[in-house]
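Have a look at the structure below before the remarks.
Per-chain residue numbering starts at 1, and chain names A, B and C are given in the order in which the chains are listed.
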Amino acid sequence: MTLKLTNVAKTFPDGTRALMPVDLDIKQGEIVSLLGPSGCGKTTLLRIIAGLETTDAGGKIRFDDEDVTSLSVVQRKVGMVFQSYALFPNMSVRRNIGYGLKMQKLPKSEIDARVDEVIALCRLEPYADRPINALSGGQRQRVALARAFAPRPRILLLDEPLSALDAALRGQLRDELAVLLRTFGITAIFVTHDQTEAMAIADRVAVMSHGQVAQIGTPEALYRAPASPFVARFVGDAMPLKGRMGSGALHLDGGTLPLEGGAEGGSAYVRAEDVRLDEDGPLRGRIEAVTFLGTHYRVVLSGVTPEPVVALHVGASAPKLGQTVGLSIAPGAILSFAHETESA
Amino acid sequence: MSSRTFVPLCFLPLAIFTIAFLALPLVRLILASGEGEAGWAIYLEILQKPRYLSTLIQTVVISVAVTIAALAISTTAGLFLVRNRFRGRGTLLSILTLPLAFPGVVVGFMIILLGGRQGLINQITPGHVVFAYSAFGLFLGYLYFSIPRVLLTVMAAAEKIDPALEEAALTLGASPYRIVRDVLLPALMPAMIAAGAIAFATAMGAFGTAFTLATNIDVLPMVIYTEFTLSANIAMASALSVILGLVTWAMLLIARSFAGGVVAAGG
Amino acid sequence: MLKSPAKILQLAVTLLACAFLLVPTLQSVLAGVTVNYFQGVKSGLTLKWIGEVWTLYSASIFLSIWLALCCLISTLIIGVPAAYALARNPGRLSRILEEFISLPLAIPGLALALALLQVYGSVQGFRAHWSFILVGHVLYTLPFMVRSVLSVMAAIDLKTLEEGAASLGAPAWRRFTDIAVPNAMPGVLAGSLTVVTLSIGEFNLTWMLHTPFLKTLPVGLADSYASMRLEIASAYTLVFFVMIVPLLMAMQWASARAQRTLT
């Protein structure tokens, strides 16, 4: 199914504007992530697509060629995975998964066959007849996914599907989820505040901030060519290089960097992995803290910009604390923006 | 049917029942109180006629006495049962909550068995000791059904007190007496106010116990009953009911603002 | 355990309170099966009094059971949907409504009965019918049902569960029957046991509403206390205890269980 949003916005009864008018096109089978900090409107947008919230007047939601704007969630035939999973505690795994099919009034044999199929697909066979409260977090997540998928929804909507899990499990299930969603071959939108999650699962990521879509693109495009300082910071944790930008050069407390392009009054960002400890580098900084992270050292440096700068250092031994060292940044690694503002 | 129509529909049985059997009768009761010879001045009359005023005062005095006694006994017992685990604790707790389901008439009978003419006390003491039909008997009856209600409220609150508070006071050198005074009682205060209000309201409105003991002590519910059945003074019975209802309702509002739960009134 | 005089005093108060509550209960049990209470147990034990209670009062016992069951059904029909609607609209208006239906907890039964009598006392077919007493019982027990169910419904994340069901295509009434009610079962059970226990023991309203041909168990108790010999009154009380104590224990167990689902 393709999804087309035009001019979808949300103003709550108390006057807060949770969502500025948004346009969005999603292709058949595409997996799109809505990524942003809490309060950016991503969940509201998802809930409007599901039919759990209504769009402000003027908004249009189309599933393929059908205008579903005025349809309620009951009629919209979407599959939804909730942040808390919303599994029915009074039903077994099997009955949870079959509930949507039962609502479609399918014959029992057909429901059973379909439930078995989805249970196998999600590798839930050993748990099929267990009550929900006997399941682990990861199993619940799979049941929630299976339940949403079983009635063959037109689109799958996932609201922070991994956030209820502990960190160790989250990484493993993230990869599982990416595989499952592609096995399903279904159009899917999932909301997350975790950039790694978004990049691992989605074909395209829509970065949201303050009720607006700041940028939408493939993970690579967002990472390599962020459209705004906000996207640069949110995707890949870029650090601001606060200083004076002139044509062809960036003047910092710790030295001057050559710059491709760049303009008076603009801003520059860099990621820690692009900052190198390099005795011949154009910048100088003092080592304030060193953390050993196995594959590399995380080095915090002062004196480069007003705020500390972080460099990732690969080497056999730890850089010495308190030492003043040289730094270099490849000109291509600097993300420069014409305007100074932080937000989108 | 969407939930916008279904959810209000869920209120429908309640609305019909409540309007017909609660709202309407209450309005009628209030109106009836003003339909006597005295009109609305009947409320003034209650305060002026010694018979009604003394009834009001007696009811309040007995209820206050019961409230204080029940608070003292139930808080002592409740704290003891929360702080100590021992064999038989469960049994004691069951005994102390048993009268919760006793109607007032049964409680009255219990007092007759204790202090009536054939009562235990009269049998085991020399001389003629019969107190069931006196003000003291009424007091004991009210105490009988108040102890469990106060106990449950106080124990629920005592169980929620963080034991670390007491331990902190201990490490700061507080004596057991100071711990009770400075830590436990302040923490229990809201529950005690709530429980006290419930006990007071229940005692004010208790009818069954007074009815069974058939005392010569005029308490408000008995006077309402006799005004209605014997004197057929419907306006006075209604007016006294309105006053009684307002007092007990106000008391339970206080109770609720200090502690969420509800313990069944009646007795 | 008894380290200090304070502890001993606390224990003494607790035991005294227990004795105060338990001794007359045991007396009545004993008196109910003693041949002659005035002479004491040495006069022998007998079930004669229980038998007399049965011939005199079995109708009132059955009426009470019948009323309790009807009361349960009524409070379920009225109270469970109402609790659900209150849980779905947790606003100021709901608080006021909840407060209003809780009035029968606060207003003494006598006053409520007076109010009911003044509106419906002259409706002959209704006044003399058992359903008139039933109305009083439902009025008094309904708040317990509503609150018990509401507290569980407010504790489970009903809104999200319902959104889940709605996204699977369940219409509003199915969300009520499939999701809301089954998950509020601990509250429904605790509420039901409370309703039955209170209905069987209700006296204050019933005394005013009953007619000579419609005596409930507690009305019969009052009657026996006033006009029967102590042994029969005791035996009747014993019968009442046998009915009410298991109910009370079940009610306390169910309430504790419902409380656990809240945490």
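Heads up, the rule we're going with is that contacts are C-beta pairs under 8 Å (C-beta built on N, C-alpha and C of every residue); 3 or more make two chains touch, one makes a residue touch a chain.
Please read these numbers as outputs of a predicted model, since none were measured by experiment.
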Of every pair of chains, which is linked by the largest number of C-beta contacts?
B-C
Grab the C-alpha centre of each chain and report whichever is closest to the global C-alpha centre.
C
Approximately how many whole Å separate the CA-defined centres of chain B and chain C?
16
Whole-Å separation of chain centres (CA-atom averages), chain A against chain C:
55
Separation of the C-alpha centres, chain A versus chain B, in whole Å, is 59
Set of chain B residues in contact with two or more other chains:
2
Which positions in chain C touch two or more other chains at once?
171
Sequence positions of chain A contacting 2 or more other chains
72, 74
Which of the residues in chain C end up touching chain A in this complex?
156-157, 160-161, 163-171, 174, 178-179, 182-183, 185
Going by the contact rule set out above, which residues of chain B touch chain C in the complex?
1-3, 5-14, 17-18, 21-26, 28-29, 32, 73-74, 76-77, 79-81, 84, 86, 92, 94-106, 108-114, 118, 120, 140, 143-144, 147-148, 176-177, 201, 204-208, 211-212, 214, 221, 224-225, 228, 234, 237-238, 241-242, 244-245, 248-249, 251-253, 262, 264-266
What does chain A use to touch chain C in their complex?
50-52, 72-75, 77-80, 82, 84, 86-90, 99-100, 103-104, 147-148, 151
Interface residues, chain C side, partner chain B - complex
1, 4, 6-7, 9-11, 13-18, 20-25, 27-28, 31, 37-38, 77-79, 81-82, 84-85, 88-89, 100-112, 114-116, 118-120, 135, 138-140, 142-144, 146-147, 162, 171-173, 175-176, 194, 197-198, 201-204, 207, 218, 221-222, 225-226, 230, 233-234, 237, 240, 244-245, 247-249, 251-252
